[in-house]
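Lettered A, B, C, D, E and F in written order, each chain numbered from 1.
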């Protein structure tokens, strides 16, 4: 039988550790963390940004995201599908809300020397996240370099260099 | 053709006016306010609570809600369906997250003399809200008093009194 | 392996016992009673009404309902969401059909000295039902009285009295 | 703006005319008849059966059906998919409930010399109905006879005869 | 933990055996054959047609189908619901694509003395298939002959003959 | 009123022009090309591959894909979500079927000096496609170079070079 703790998650007041190359941190509250979300199709994340930190270009394969800026100034953007690949971007201040439609490449970055914080909700209890750079250049095992070289229209040495980063 | 403003809403940094009988205010960001939400099935609200203010017992007929406390201390609760009508409640501090499953009666109240603030997301671009007291005792035109008297097992004079408040 | 009994329920010809304060009885045929309904998203109920009996204001958190009057005369109604809380009501005769949209507060009552009977279908194999009076004033444990007093804008003594009924 | 009549349908108390070859009549209450059903995904039908009348083998392409016998005795049945084509059947008395899963061939017939009546709900506001005999042998224009002859493994003259009936 | 074989199926290059009365063969790739399809709501089939072979009138109870002709010439068709029972048909050449909406009676037949091949996708990982002739005249146990006789408006002897084929 | 042409698309027998940097071509049959697909949630594509051509890493934001190799030999692969970014890959021969779950980065490439051909179905009438390289480095207007430099952990000059290709 369920109890109140199945519907409760504690800890989203804690600042995430942004000491990493992209200087941001996503703290998820998905069904794994909050079992009461099961079958209910929604979840939440906290996103911390160090100075000029970014939540790099990524995709949620199973969820639209709605985000609110709690603190700081964020540039956000997403890119529409082929063939237009239109870049839609906006600078958000505290209290601004933005929507990232399901499956589109999007990012946020802190455009300031201070700290920034956003809260976002996702329309799945298990939305998934695909960081483009990691999925493409940091897959395990690696995607063959000649595939990426042709896809990105660069020498394989550039791909080797990119893959060496992840 | 859409543009960036379809995906953007400005204003959720503004404190809602809580000078009302329940001393709370819900500011919605639904598809009406943020057209880019259409067909995407998610939305957001800001909820302000004055001292001991409450977001009174209500229901979202078309959405589960996930809520995070940004400031203050809130008691939250929901009641399960018949026949148990089990009351599930928790005191939430800043950073705590809670889930209110679709269609259940739930509330939040500020248990403190200060101000409180929550942000919540709902799993519909048009979730709806039914404040129980208003729907039952403040419907327009009123629900016949003898129906309510029997439903609440009180004299009709009590219902008359309750209806006079809304 | 399934057999024919998984798709069959016997007993909805039996009049429900309406010897209770609201003088009505709902007999459910949900997936619990009729296993073949699982994953199929529909169910049925029989509703008996003694003289002037009512199926008091309630909500199905997960289903729209369509109802037909088999015998007697019923007043039915539902209340729309905030901010209008519009009361939509109709007197139904035998053979009349009415729809209660998902998640809205609705009721039926027998407006006659005889017996009344309705059959309704719900768009979920497990629609749930929340009787407003019971969920609000009869929750277990009780919702704190001061919350309800403010929500209903009455003295706590009125809430105490209301809670004592359930 | 909607009004109460959008949620109301009058006329399902009227016996359908069963003076036809199958001696049954289905009276639909779909979104066409009851506009308030739009987007709500449910509907209702009344089915009248003359003595030994049948609602012949048919399919609802977009809905599961749940049926209750109001009067009389009905034999009902459905056939499972390939490869088993298992025939699941039951004799229903007044008050019995039966489920016909979405898209399966099913029928009801009155096994008695009196009149029979059933009410059924369908999980779509526009469920559709495909009477097998009519769709196969009465299509307009006709399905080529040699296709049907091979499908039913009979001489084309038998198909011609069958097609001449519709 | 899953591995690559969960997402892979081998064998759809093999010609199906069409030595049967309808001279066609459907080879399914559903979730049973390809476990990675689970929850993803899509599947595929290969359909082989001998000379003048047909995939006889049938229904997928849980899926729309999209078909492409890989080799040969096919006549395809479907019949709309009651009351129109409109027969929509087309002769398809190699490379032509056709859609069969969910739950409608449809067929394909090879109109040529050579071999024909189609690939189709279905919008369910478990779409099901109901061959009309088998479900109606070959059910196990059989549907009572007098029901079918009235449904098809023929003598019971014709039904007996039809049932004897399956 | 619809007619047969709404359900029919002609032209998928035509080899797509692969004279482009990635030496592949996707020919879509979405609801835009085949209006009868509307609301039915499925579509089809033809994919041509020149020698060592590839359908470069991309995502369908709204659809799972099931693919069959009609001619040639393809290496296919997809990468799972964070944090594993596991690369799942397989060499497919004629007749092999593979599934790419919704929203994951995936690709195919012709591993041969001849021509290759695949047919794929997608679980949406408007699945969308996001070619990673184009969305990331070829967006219009461009995503700011410093964002990409940090995301891919390279000098901005590398990003400039990458962006100059698209």
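Here, contacts are C-beta pairs under 8 Å (C-beta built on N, C-alpha and C of every residue); 3 or more make two chains touch, one makes a residue touch a chain.
Just so it is clear, the model here is predicted, and its values are computed rather than measured.
Under the touch definition stated at the top, chain A and chain E share these contacting partners: F.
Summary of the copy comparison: rotating chain B onto chain F for the best CA superposition needs 120 degrees, to the nearest 5. Centre-to-centre spacing of chain D and chain F amounts to 44 Å, using the average Cα coordinate of each chain.
Distance between chain centres (mean CA atoms), chain A to chain D: 51 Å. Chain centres here are Cα means. That of chain C falls 29 Å from that of chain D.
For chain A, the set of residues touching two or more other chains reads 101-102.
Under the stated contact rule, the graph of chain-to-chain touches is a ring, a single cycle where every chain has exactly two partners.
Remark: ring traversal beginning at chain D, heading first to chain E, gives the chain order D, E, F, A, B, C. Of all residues in chain E, those touching chain F in their complex are 3-4, 7-14, 29, 34, 36-37, 40-44, 64-66, 68, 70, 78, 88-90, 92-102, 119, 121-123. Those residues of chain D lying in contact with chain E across their complex are 21-22, 54, 56-62, 75, 77, 79, 81-82, 84-87, 101-105, 107, 109, 128-144, 147-148, 150-154, 158, 161-162, 165-166.
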